[in-house]
Every structure is written in C-alpha cells, then in structure tokens.
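One chain, subunit A, links the two complexes that follow: it is found with subunit B in the first and with subunit C in the second.
Moving on to the complex of A and B:
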C-alpha cells in the first residue's frame, strides 16, 4: 500500500516539498512586508485557516470516496442558523450539538440521494445547495439570527493559553482524521471505494455503506466548521460563507489531492489550506481586493491540477 | 398497451406536456390571473433567456460534460456587454456579450477536452473566477446608461412578437437543426455515448468537445445580453442559481447526466415547466425562499425519475419487449 511507503520515508520530497515551498514563499512576502511574519499575524492566519481546514476535511471525505459536495456553503448557513436558534433557547452546548446533528442529517440526506437514488453527487449536492439555502433564508425570514448566549462565542473567538480555540479544535480534527485514515479499516475502505468502486465491491467492501458514511462524516465536519464560523460572527447567517465549497476544493487541489478520488492524506489537506490562507492574508497586505482573491481561487484550482498532471503522476491514471 | 410502451411514453415528452397542462390547470384554478394571454407572454419573456442558457447546458450534457459556470458566465458577459454598449454602441455591446460568453466557454472546453480535467472541477473553478472578475470590473455596482436601442432587445416587438421570444425561438430552431441534421450534432451524441468508440471510428473528439463548451458559452452570452437588456443594466450579481435551473431543464427534457441523450425540444419543455412553476408560485404568493426549496427538490426528483426510467426501459428490454424511446 502507498501510505506504508510514505510513512517510512517522512523526509521524502513529495511529502514535504510543498511545505518548503510555502515557507520560502512566506519568507519572500515577509521580506517585502515585515509585518506579515509577525507572531500576531501568524496567529491570525492560523485562526482564519481553521474553519476552512475543518471544511476542507469535510470535503476531503467525500472527494476521497470519489464524490464531491457542492452544498457545503449553504449547508453551513442552515447549520449556523439552527445552532444559534437552539443555543438561544436551550443553551450553548445543546446549540452546538444541534448544529452537528443538522450537519450530519444534511450529509445523510445527500448520501441517501447519491447512494440509494443513484443521483450523481454533483447534481444531488447542487440540488441540496438550493434547497438548504432556501431553508436558511426561511428560518430567519431572510435576516441573520443574532444574540446567542455569551459562551457561544468561545469556539470561534476564545483562546486556550496563547492559541486560538478554533485552531486547537482544527488541530484535534486533523489528528482524529489522520487516525481514521491511517489506522482504521474504514479509512482503507474509503480510499479503495474512491479509487475503483467495482474492485472495492468485488473485494468485499460495503461500498454503499462507505459512501454513505463519507457523506455523513462530511456533513458533521461541515457542522463543526459552520459552528466556529457562526461563533466568530456571533450569529447565524443565511449567507454565511457561500464560497466555502469552492475554497475547500481549491485547497484540496493545491494540496495535491486527486479530485478523482481514492487518495489523500491529512498532510496534503493541511498544506493546501495553509497555502490558501497564507496567500489570502498576503494579498490583503498588498491591498488586493477580495474579488481578485476569488479569481485566484478559481485559477489556483485549475493550475494546481495542471501542475500535478505536468509532474506526470502515473497514479492520476489509476481507476479514472 | 404493453408495459414497455407505457414506460417509454411516460418517460418521454408526453409526460412533460402532461405536467405542463396539469400545472396550468392547477395554477389557473388557484388564481384567475394565471391563465391570461398577458401572463402567458410574461412567462415566455422570462423563459427566453433561461431557454438560451439551458440549450447550451443541453449541448454540453449531450457531449458527456456539465457546465456549472453558466451563471457566472452570464454575469461576466452581462457586465462586459453593458460596458461595451455604453461606450461603443449597441452592436458592440451585443458582440462583446456573446464573445465573452464564447471565450469563457472555450477556456472551459479546452481545459476539459485537451487537458482532461473533470468538467465539474473546471467549471467550478470558472464559476469562482468569472464571478470574481465580474465584481472586480464593476466594484460590485451595476453598469447603467445603456443606449435605448440596446434595451429594445428586451422591450421591442417584431410583428407583434416580443424580441426575446423571437430570438430564443430562432436560436432554438437553429440548434434543433444543428444537433439533429448536421455532422457536428451527430458526432456530439456519439462522443457523449461512448467517447472511446467515437475516437476509434475517427471522430476528432478533442476539438468537438471543446466546441460544445464554446457553443454553450456563446448561448450563455446571448442569455446575458437579453437579461442585461431586461434589467437595463449590467449586473455582476446576475443569474444566481441559473446553473441549477439549466441543469434541471435539460434533465427534465430527457438529457441524461453522463451524456449521449437529450434534445433542444425536450429542454424547451423543461424550461417551460420551470418558468410556469416559478410564475405560478409567484402569483400564488409563495415566498422566494420556499420557491428555492421547491426548485431544489424538483431537480432531484427529475434526476431520480430519469434514472428510474432508464432502468425500467432496460428491464423491459431485457425481457425482450420493445420499448422504443
């Protein structure tokens, strides 16, 4: 198996070259704009990268299973509304649990439509995008839901020692997902399913169950991401973060994960998100508008894929 | 009638007409303003640009692809068309709008066919890029000050027929001809059904697939010009959610995701169903939020029905019963 080879050779260029590239790029920006490398700004980057990281993990589960989820953005909006509404009436912890539950159910719904009704994932999730957006608007009558209890602000704005709470949460998510991917049968089945569904099926993998589980996990992590985002702005927003699925896909592509499924490591997710977030932050230093950043998101997705093709990766052919 | 024939009939265009008729009766019962000539014209006016974009989507789906960037392409083309029209006159505006759409489509097409990146990913990336560019060019504000002759595209009439309906009708006939009677159309169906087989019989799949996206882009550009004329301004926020409506119209009209099937006339029926549904819900006073929920559900049901229909037809065929499409 591939991951065993990689685990033995932690110093390999393929594994860490990207981080080296990131470090050099950050140094160059730091030389031009010294404040970029200040500890305060690095913490800001970590804080800003964390919700995207959790969302990228959510996207990664479905991508590794050979599917795609375009509904992350409006799912996150619904979740933020539900979480803040329940936090107001039931308290912070039940609010958070309700948010996670909402995320898991939306993921379950996506998964059922994809696996049982055999609707292609991009259609099912584009349908969900519209559907969930409608519900998010309906719940608040088109306006945000505000004033959750004060403790609701902790996941998004609080600190654990010197570190932002959201970064600690994201780090824990990464460790959890790393263990799931490398140490469990499910992780292996997930990539087998994404790599070649027929072969996985013939090898005795419960392909349908694995795909469904990927969507439910994805929904749950979308829920977590939405909760920290809602906590950061202290409200449930019907238009919380519409570009979330696209940024998550861009981050995965930049991290070097094949969007055809069957592969992916936590290291790649982290690399993609860090490059993405560091770049957004750097562009702010150069006073480049958010519109241009949006253009770069799109361009980067395609360029990253062209780059990985140009490297001539033989594995890109696998199972396609 | 035998079972196979029923399945074929219900899955075909006949059922779409039936749905249209039922919706017409239902909304007509609910409100007497619905079944009037002026409201019918109103529905067609709203349906015209959607039809243009949806036909483009159909062409791409037939070739085995998908275009999620339609809405952003329309927004970008609208902005560029409006700027060109207010600076250089209406003809330049129209050309710039269609040209922008075609250019965006061509980039999609080349990335999909020549560089072999999945259509969904390419067009997602384009979706983000084009929307960002539309906002960057305008700073988020609409572009106004269009010449009157440009807005005539929306409000003018020719022998009593409003221009948008006329344009959409002519283009529809043209695409029906191209897809049904020319080599280009036949080859696209072949590529969508089985790309490898098409390549092996000597069809040049790479440029043809790219051309499908170019055509779709040009049609999105035309839709953009009509939307721009109707709104009397170029809008960077235009057409949000259009990708879903166009996919829904194509799939309802018989285009299968995966390629090889679909017709412009089917897409016309799908477009009409979506437009009548939207118009009827508006008249019935359904809030836009709930309309979104209904549309999201409708597209899923359409695809589920399409899958079900395919497997029923296949099952009927396996039993040896003829089930012609």
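Moving on to the complex of A and C:
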C-alpha cells in the first residue's frame, strides 16, 4: 500500500472517480433546482435508495460468484406475503424472521438447482421467477395481505433520530458485507470462484459450497429488502417490485462491477444505486414523467456498460 | 522447380519477453508434404498461426503462388486458400456432418439453405475421401477419429492451396491413418501444398517429402526426408540451447513420501506405478498424448477419478484437490493463465489463495500478516513487480509462474507437482524457477516435474520416467541423455536406452 507510482493514482481514480462524477452532476442539478440539495431531499434520496441497495447487495453476491439471479422480484413478493402473514399471527419479530428464512430457502433452492443439478443460473432463476410468482399469488389468493401489526411499519417508515430506519439498516448491511468481502476467507473464496472457477478449485476452494452459499446469501438479503419494502407499503404484495432483479443488475453495471464475476466492491454497489436514485429524484424535479424516466434509466444502463468497457480496454486485452 | 505455392521469408514474431519467431524461412511447393518438427515452444504453432491469420507477423513476408499476402484474420486466410485442420476439434456437435462441412458457406440463395444441394455435394466429397458416414448424421454421434476425418473433409471441401495439419493422427487408429494418408496423396496429386506437423517420425518417413526442424523460434534445418535419419532429426531437435544454469543436484534420497499403485484412467494412461522419495526430483516425460498431464491432474485429485491408488505417508489420498492440498501437495498446472492464476486479481490475492486459512481466525483474515508474508515471499521467489496490488495479468510469463510457485510455498506444501514449469517463460526466469525448485527440495520438499522439455528433465531430475501412449516405458537415472529419452518417448524400435 506504500509504494505507489502512476499506477496507484490510476487505481484511486478508478475507485473514486465515479463518486466525483456523481457529486459534480448533483451540484449542477442543485444549481438549477436548489431544493434538490436540501437536507430533506437528500434524506429522501437515501430513504428511496435503501431497499434497492439491499437488493443490489443480494445480487452482488451471485454476480461476484460468476452467476446471476433473476428471481429477486417474485422472491421478494413471496417473502413479503410470508412476512406479513406471519407477523399477523405471530408478531412482528417472528414475521421478519420468517421472511428472512423464506428468502434463504428460496436462495438455497436456486443454489441446489444450479450447483447440484447443473442448470445454468440464468435458466434456473428464470424458472424460480415464475415459480415464486405462483406461490405469491397462491398465498394470498391473488390479492395483497394487509393490516400487519403497527410495529411492522417501523423498518420501512420509522426513524432513528433524524435518519430513516431503512437507511440505517442499509448502511449496516453495507458495512457488514464490506467486511465479509474484504476480511474473510469466504469473501476471498467467493472472488476467486467468480474470477476463475478452475483456478479456485485447484487452489483448494470448495467451489460448489461457495456457489451455494452465494445463492443463500442472495436469498437472505432479498428477504431483508422485501421486508423493508413490505413495511413501507404496510402489506404483503404479490406484485411487490417486479423490476427489482433488473434494477439491481443495472445498478451493479453502472457502479462498474463486471457481470463476468470475480470483481466488485461495496463502494461500487453504493455508487451504482446512488446514481440511479439521485437521477430519478432529479428527473422528478424537472417534472419528467415516470414513463420517460424509465426510458432514460434503460438507456443509461447500456451506456454505463459501454463506458466501463471503454475504460477497461487496455486491461481486457491483456487478459486475453 | 517452379515458384513455391507457399513461401514465408524472414518471419519474426515477438511476444512480451519472448522472441517466438526469429527470421524464419519456410516454403512448400505444389504437391509437396513438408513436415514441421520441434518441441513445444519451438515456434511451430506460432509460425502456423501467423500463416493462418491468428497472429500478425512483426517482420517478414508471406507469398502464395508468388503473390505477396498478409492474412489479416483466419477468415481472410481461408479466402487466400490457407486451410487448417486443428488438433482440437472445431466442429459443432449438434449440427449434421454436411452442415459442419459447409458451415462457413452454406449453399443456396438468400438466407435459405438449399439442403438437397448441400447433402448431394457432401455425399460426393465423403465418397471421394472414402469416409463412410451419412451427411445427415449429427456430429456428436461420430467417433473422435471420424470427427477428425470430417474436419479434414471440411478443410478441403473448398479449394485449398495450402493445407496445414496439426498432429492429424493423434486420435486415429492405424487403419484410419491409412485413409488419411490416401487423402493426402490425392491432394498432392492435385498440387496442394501440405504442411504436416507431427512428432511421429515413422509417419513422417512414409508421407513427407521434406522436413523442417524448429528450435527456439528458428528454422534450424530443412532437409529431404531421404537424408533425414532419426539420429539427424533428433540431433537437430535437441541442438545446443543457450547454456542454462541448472542447480547442483541435492543428491539425497530418503523414504518414499508418495506411492502410486496401478493407476489407470481410461483414454489417458494405464497401469502407472511409481514412488516419489523424500527430497527427490522425479521427472515424468513423454510426447503430446502420452498421458503425462492427465497423470499430473489425477495425482492432484482433479478430473475424472482414476482406478488404482495413491498413498501419502501410508494414508490413502481421497480424490479431490482439497484433499491433495491437505496432504501437503501443491500443483503448478501446465496452463498457467487458465488454471494457475485469476488474471484479473492482484498479485497478493492470487498468492494468498491456497493458504488463507493459515492466516485466519474463525474465518477472519489477518490482513497485516498476509501483506507481510506475501511481501516476504515475493522477495524470496525474486518477483519483479511495482506493487503487490498490481493485477497479475500484466506480469511477464516468468513472473506469473513465480507467483504460482509462491502460492504453494505460502501453504508450506511438501510435495510439489510442476507441470511444464517453464513453458512460455523466458530464459532468465527459467533459471530462477529451477533454482526455486532445487531450494525447496534442499529444504525438505519433494518434487515431480511433468515436462515435455527433455533438456530440462535431464538437467533437473534425479530420476526420470518416460511415458508413451499412457504407459511408463522406461526409467532412467541422473546422467541420462536426451536422445535416450526421446527414443523411448517416440518408440523407436532400436532404442537402446533405459533399464
């Protein structure tokens, strides 16, 4: 970490350049619409970004392992239904635990299908997307489950001092995941498995177990994301957030994480999600309709990918 | 003799740290079969890749029928009439024989394929080549040997001026080889120029017209087959390389640490038994296809489970890389870039991977200790780098290999399996890697060198096992000569070497 030449400077630019870009963009918006940079609005952005942030973390675990999870959306729906149902009969805390457990189980199922039955993750999780959607509809007979206990609203709507509870939860998730990725044997094994599965295997990594664990973790964090979303709308919804997996993947790509696996930091996840949330908030200030916002979001996802590829060109070539 | 069909002059190609081709001249006349020989890394395949448009030459000229050409990419080379039959099959398994043959130029107007015309044409091609297969048959149902013949049919279905065949008989039986030779003779009669790469000297004698031997990126001799006795060819292939410093032998030999008994893997090797002794450097060598690399992977618990048994210190070794590592093994694979290193990760992360648990408590890493230990190791193996945090893909081949070795030193491995440890490594780093191996053995480890580089095997090993077609066919001690090894490895009838 000490000796750093020009190459070191470049690494730092790679790490923080995106945030600089985000800050400049926000500043420009702030000059045009001063209320954009008001503390109240910044807190709103943070609050709105938080569920997506947790879902992006869920997606990041599988992406780093070299896989993908497209089932997040309907998995979140099932989880919200189960959590609200359990909260109604058993209380808020057991409800939340049941939600997390459901998420972990769905992730485990994905993981087993991918690692043991060797179904490519893309197919396996698309199957799960439909399957879980069916469960979500079945559980409520096609309608939302409403009226959980009042305390259930806290994770999504409550405050801790001046900060939204959901933001505090998301921040804790980020710190925890950062530590797991950088400081644990598992984090290294995950990166190695996604970076090159054969190398990982020949270096003594239990590759199958790591991939399975990535799916279970993905499911668990999807569970957390679904719980705060359900808490925000105070109900279990069979169509809670259908675009969740795609927004999560787009956020990772915008943050600069290679979807080929083996790479990615919490900083990049945060950057990608903040860019998305800040942008959609800013577009509201300019009174741009949500339909047009969607078009912009889609275009930006592709552009961000092109940009990161252009940036990474000299290295990509060397890697063969 | 008229103008040669193919004339390559002064071809040079440089890769980072290696001069892969050094002003190579090579030509083939119409109706000639010109055989190309040389060890792995001698430059044969690089030369052919330049010809077939995979690499661009840094210097030199290529003429086809007297006209100067520059193959820009493989498709362009094919347009120029340069066709290659690859060693690894490049057929699409799910498509039919006919579709594979016509893949790049399906007949018919517009986007629709004229299947009737295609099947008819293919039936004629197959008939003329004496290949007994229906054009409608999907390729995955065919035997490997038949697939190889289809591959050849594809290469000559369109008019070829130059046909490159890379070890075409590697998976053929002797009857199929005869079919292949008949095809080659017919092509000769049609005036095609054939480049034939092979290790099998008998084959070259029966099909070739001229022989060119390559060594260290240079053409070291072109001669007519009649003049090329086995001895002459062997001498040219071995030559005298740049003098390399091999470390002095450790010369001790203790108890067996690794015992292999009657190990067999279908299609790879058969009935392999040997012992590795404490502080011994054992060499295992053989030509391409002899089963040497497959054996290395099996010992490390990778790939299909072999029959037979492997024991370390009396205990039976379970079949998995994790078990092998737990028993103190380390593996430096032959394909460093795909099996040895995660190229996009930093040097430190690669080096620390197998030994993470040594520096962890309850799954949490001690990063300070890791940084200290890896810095120490980088110095010990003589790594040249700007920072441990550099992505490893940017290092030279030699430095990358040092990192792969350091991975296992960090894990204190006692049995080191080196597969082609100096392939793609420049001469300077080569000597350093030899020194590393010797140091480890002097320090109490044992090593096996799975290598097709005979000079290296002779220079480094206390004992050498030679494999041919999956079996151990000879054992030699220190002082063995390269020509003895080569004779055993290629199976010359009058081989005098070996007990």
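Everything that follows uses one rule, which is that the second predicted complex is superposed on the first by the 300 of 320 C-alpha atoms of A that agree within 3 Å, B and C clash if a C-alpha of one lies under 4 Å from a C-alpha of the other, contacts with A are read in each partner's own complex, and residues count from 1 in each chain.
As a convention for this text, contacts are C-beta pairs under 8 Å (C-beta built on N, C-alpha and C of every residue); 3 or more make two chains touch, one makes a residue touch a chain.
Keep in mind that what you see is a predicted model, and the values were worked out from it rather than measured.
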item	value
Subunit B versus subunit C as contact partner of A:292, first or second or both or neither	first
First, second, both or neither for A:263, with subunit B first and subunit C second	second
Partner touching more residues of subunit A, whether subunit B or subunit C	B
A:192 touches, of subunit B and subunit C: first, second, both or neither?	second
Which of subunit B and subunit C A:137 touches, first, second, both or neither	first
Which superposed partner A:205 touches (first subunit B, second subunit C, both, neither)	second
Subunit B versus subunit C as contact partner of A:119, first or second or both or neither	first
First (subunit B), second (subunit C), both or neither touched by A:70	first
Subunit C-contacting residues of subunit A that also contact subunit B	none
Subunit B residues within the subunit A interface of the complex	66, 68, 111, 115-118, 120-122, 124-133, 135-136, 140, 241, 243-244, 247, 251, 257-258, 287-297, 299-300, 303-304, 307
For the subunit C and subunit A complex, residues of the former touching the latter	300, 302, 321-322, 325-326, 331, 333, 337-345, 349, 352-354, 356-357, 360, 363-365, 367, 371, 386-387, 389-391, 393-394, 407
In the complex, subunit A residues that touch subunit B	68, 70, 113, 117-120, 122-124, 126-135, 137-138, 142, 243, 246, 249-250, 253, 259-260, 289, 291-299, 301-302, 305-306, 309
Subunit A to subunit C touching residues, read off their complex	1, 3-5, 7-8, 11, 182-186, 188-189, 191-192, 195-196, 198-206, 258, 262-263, 315, 318-320
